[in-house]
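What follows is a pair of complexes built around subunit A, which joins subunit B in one and subunit C in the other.
After this line comes the complex of A and B, so read on.
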């Protein structure tokens, strides 16, 4: 058996398809590394999203392999042998299954060295998501084998690939608001990253795995079948798997539309003081974040009752959540570059100080006065106010410069008290106008 | 006339023609059933062109090319005519839908993609054989539908299949590939295969 499998691995489409799928997968990953550089979970999820191309190609690989007997004119010869068809098909199924799995996992392996220095958080879920992706590839290849045998024509393989990509592209629109249905039947649905804290819940993966195992089983039965009766029987595992998956999958939006991993969002803090914390998924960036955050905290320390801790801003828009508002905590925006390292440090510093360390999230009413905030922030940073918005009218910055000059002319203690008052007012969602002006006390 | 009938039979043209018309009919009915719009979506049009070109590939080689080459016939014009007729069939079939309820257009995009993809397929038939000639057109076109790029010349060349109909870079790329494929296939013919693979 092993000897036959070895021959099959060498002589079938297996080797060629590994190369082709690996090349396609690696090119897609490295065209936009920013999509997966933040961590392991983004990497495995983005790889699942790229199944949009690899899954149809896998179907085509199976269908192409299945035409070999027809192409070599040996179907009749093989039919005359005593060996049962199912036994004869096993090495082909195994060879192709091994090939597509290797291609999928090798693609991930190529990406590993790129982020191994910065990615820390590796939950078990990441392995499950990758395993379901490999399972999807196997199911596609086996289904392709079965359909390619039923219709041994040269156009079968490309037509299957076109049908596969059409299915993946149309499914999300076809199911309308029943997104959970697309989540079962499309291995790439919902895998795009809109935040680094995104995840796939275990029950969703379980439902997907059930469906894909059933689909692969149906393909294997269909390929091994000799009669129309067994071919019809191949529908059974598919129907069974689909109904079981529909029963297992959770339909709540929390699991389907907006799956967030709370453990990835938890703050992990660096040694020493003042305390600087980032979310667990970004914990590899802590050594890069700490100096910038401490510099910002040092600038803010001029204020009365200054903030003493810096946390990462773990706001997500779907679902709309934000970290709690705490007076002693400054929030910082972590941006990750193509290589998984911290980027835009200067912007991060400026934003932390410009907001005076005040978290105004959830304030209703008009947004806080721009000139007052900018003048106060510039005073802390010790530089003249400059605009960072080219659409802004010149008067806004002129007003900020005037207020800033007023602060500069005041004694240090008085200016700090006024800027502190602005910070208190901003945190209380109060009006800021007039807090920097007035007579020196 | 007798020669033509024998040639068409040896290239399995009737079954390929049935496959082309069948694929077009399936795509046409899919759009007619599931969409209220008259203009077919561009990805669907490109996929249909790809499918029809793939269905044509079966005719690019005969059952015994080595024997064919020994004939005292001038093959290059015949091979070129074969490709041009195939292009006319694919384009004609899709342009005919412009008067129906599901319009596979715009015409210029259909012509560009059909010519480019057929040229690519012909290049494949010359180098790796007719049976494998759909590999590159399929992979390239699917990738360019999923990740359409625009703006930079190099990315427009890379995804020429999915560019807007008026795009000059894409048109030039398609024309180069098309003409290249036509010349290569007319001059060299399909790749020689091992006798075991003679039956397509």
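After this line comes the complex of A and C, so read on.
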């Protein structure tokens, strides 16, 4: 059996399919590395999302391989041999299973050196998500083998590939509000990254794994069957697996909506002071973040009661989560580039100072006065206010410049007190108008 | 030298390797073998008959590829019918179909090894048996060539190699000499005589000369029935100077066929 498996690995579609799937997978990953460069979990999830193409390709590989027996006209010869059909199919199943698994894992391996320097947080869930992805590839290849055997035609493989893509695209729309159904039956559904803290819950992975094992089993039974009775019996594992998966999958809305990993979201701090912390998923970026954050804290230190700590802003919108509002904490937006490194450091610095270290998220009512905030921030940075919004009317910045000049003309202490008052008011969601003007006290 | 299993040295309990009584086999809807009685033991049996006589259908039934429609068929002492477990019988079969199908990307050695695996040979015997089978058909230098690169004659020999790899007790060859050049035909006859020493070999062919040269026994069928069974010398003796044919054996063949047709017409 091992020698025969070796022959099948060399001579079947296995070797060629590894190359094709690997190439397709790597191209998709590197077309948009920004989607997965922030960490390991984003990498394995984005790879799952690319099953939209890899899954149907795997299906086609199976169907293509299955045609060999029909095309080479060996049925007559093999029918006279002792070994039962089911056993004869084992090396083929194993060879294709190994091939698609290797291709899937090798694709991930190609991405590893790209982010190994910056990605730190590697939860066990990442391995589970990757394993379910590999399982999906095996199930597709085996199902393809079975379908290719039932319909041994040259167009079967390309038709299955197209049908597979169509199925994965249509499925989420077809199940409408019952998104949990799409989560079971589509290995790519819900894998798009909305935040870097996203995860896949264990029970969801368990339900997916149950269904995929059942699907792979149904494919294998269908391939090995030599009568209509066993072909019908192949439906049994599929039905059982689907029922079991439906029982296991959580239907709670919070499970279905992009789930957040609270451990990934936790703040991890650098040594030394002032304290600078980022989320665990970005902890590899701390050496790059710390100098920028401390520079911003130094600028804010001109204020009375200045913030002393910088935290990453881990706000997520769906589901809505936000870090606690603390007077001594200034929030920073971490942006990651294609290579997994910190990017837009200047913007990060400017935003931290321009917001005066005040977290105004969650304030209701009108947004804080732009000219006042800009003039106060510019005074801290020691430069003239400039607009960063081309749609903004010129009067807004002219007003900011006027306020800023007023601050420049004041004694240092007085100016700091007024900017400090703006910060206090912003944190209290209060009106800022008039806080920078008036007479020197 | 090789280890001999207990099963191999056990005395055979069947008088005939192939024993058919009133055998009927369908080819599609047509009854291609119709009431055939045949008993074959060890030796090389040449199967002769005109096109459409039922030669291929008979060989397919003996290869357990088609199920008999009626009558009795025993192979190696075991009944072959719809309910029987054919696994044991099949381990003792070697078969080269008229249309020899193969996996083109496999090398000769890989394909013969694959067939040895399908025939459920003991694992330890496979590598040696594969090499011996390839050597016997003279493909040693082509053992590592892909099947798709072989010429017609080489493919035929690869087909014979896979058929003999398990030292079959019943070897069924459907027109094995097609595509072989005269020298290869001589080697092939040698191989047949060698295998026929302790196995039952049934070779279907159109070439009467091959039968006379290589077979110990001649089986002739027409319209699904046995016309004649005897030695090649006896076949030659059937022909007279007035019969069609360029050799004594061909004249014997035509004489038998003519006689059978006139009897059937009566």
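In this section, the second predicted complex is superposed on the first by the 441 of 441 C-alpha atoms of A that agree within 3 Å, B and C clash if a C-alpha of one lies under 4 Å from a C-alpha of the other, contacts with A are read in each partner's own complex, and residues count from 1 in each chain.
Following the convention adopted for this analysis, a residue touches a chain if its C-beta (ideal position, glycine included) is under 8 Å from a C-beta of that chain, and two chains touch if they have at least 3 such contacts.
This is a predicted model, so every value here is computed, not measured.
Student: Would you mind checking whether subunit B and subunit C clash or fit side by side on subunit A after the superposition?
Tutor: Once subunit A is superposed (C-alpha atoms), there is room for both subunit B and subunit C without a clash.
Student: Just checking: does A:60 make contact with subunit B only, subunit C only, both, or neither of them? Give me first, second, both or neither.
Tutor: first
Student: Pick one for A:77: touches subunit B only (first), subunit C only (second), both, or neither.
Tutor: After superposition on chain A, A:77 lies in contact with subunit C alone.
Student: Could you tell me if A:88 is touching subunit B, subunit C, both of them or neither one (first, second, both, neither)?
Tutor: After superposition on chain A, A:88 lies in contact with subunit C alone.
Student: In the overlay, answer first, second, both or neither for which of subunit B and subunit C A:7 touches.
Tutor: Second partner only.
Student: So, A:421: does it touch subunit B (first), subunit C (second), both, or neither?
Tutor: The answer is neither, since A:421 touches no partner chain.
Student: Report the closest approach of subunit B and subunit C over their C-alpha atoms in the superposed model, as a whole number of Å.
Tutor: Superposition on chain A places subunit B and subunit C at a least C-alpha distance of 5 Å.
Student: Counting contacts the way the document defines them, which residues of subunit A are shared by the two interfaces, the one with subunit B and the one with subunit C?
Tutor: Overlap of subunit B and subunit C footprints on subunit A: residues 72-73.
Student: Under the touch definition given earlier, write down the residues of subunit A that touch subunit B in their complex.
Tutor: Residues in contact with subunit B: 20, 24, 28, 31, 52-53, 56-57, 60, 70-73, 153-155, 157-159, 161-162, 165-166, 169, 174.
Student: Can you tell me which positions in subunit A touch subunit C when the two form their complex?
Tutor: Residues 1, 3-4, 7, 10-12, 68, 72-84, 88.
Student: For the complex, which residues does subunit B have touching subunit A?
Tutor: 15, 19, 23, 34, 43-44, 47, 50-51, 54-55, 57-58, 130-131, 134-135, 138-139, 142-143, 145-147, 196-200
Student: What part of subunit C is in contact with subunit A in the complex they form?
Tutor: 60, 63-65, 86-88, 90-91, 93, 95, 97, 99-106, 110, 113-115, 117-120, 126, 162
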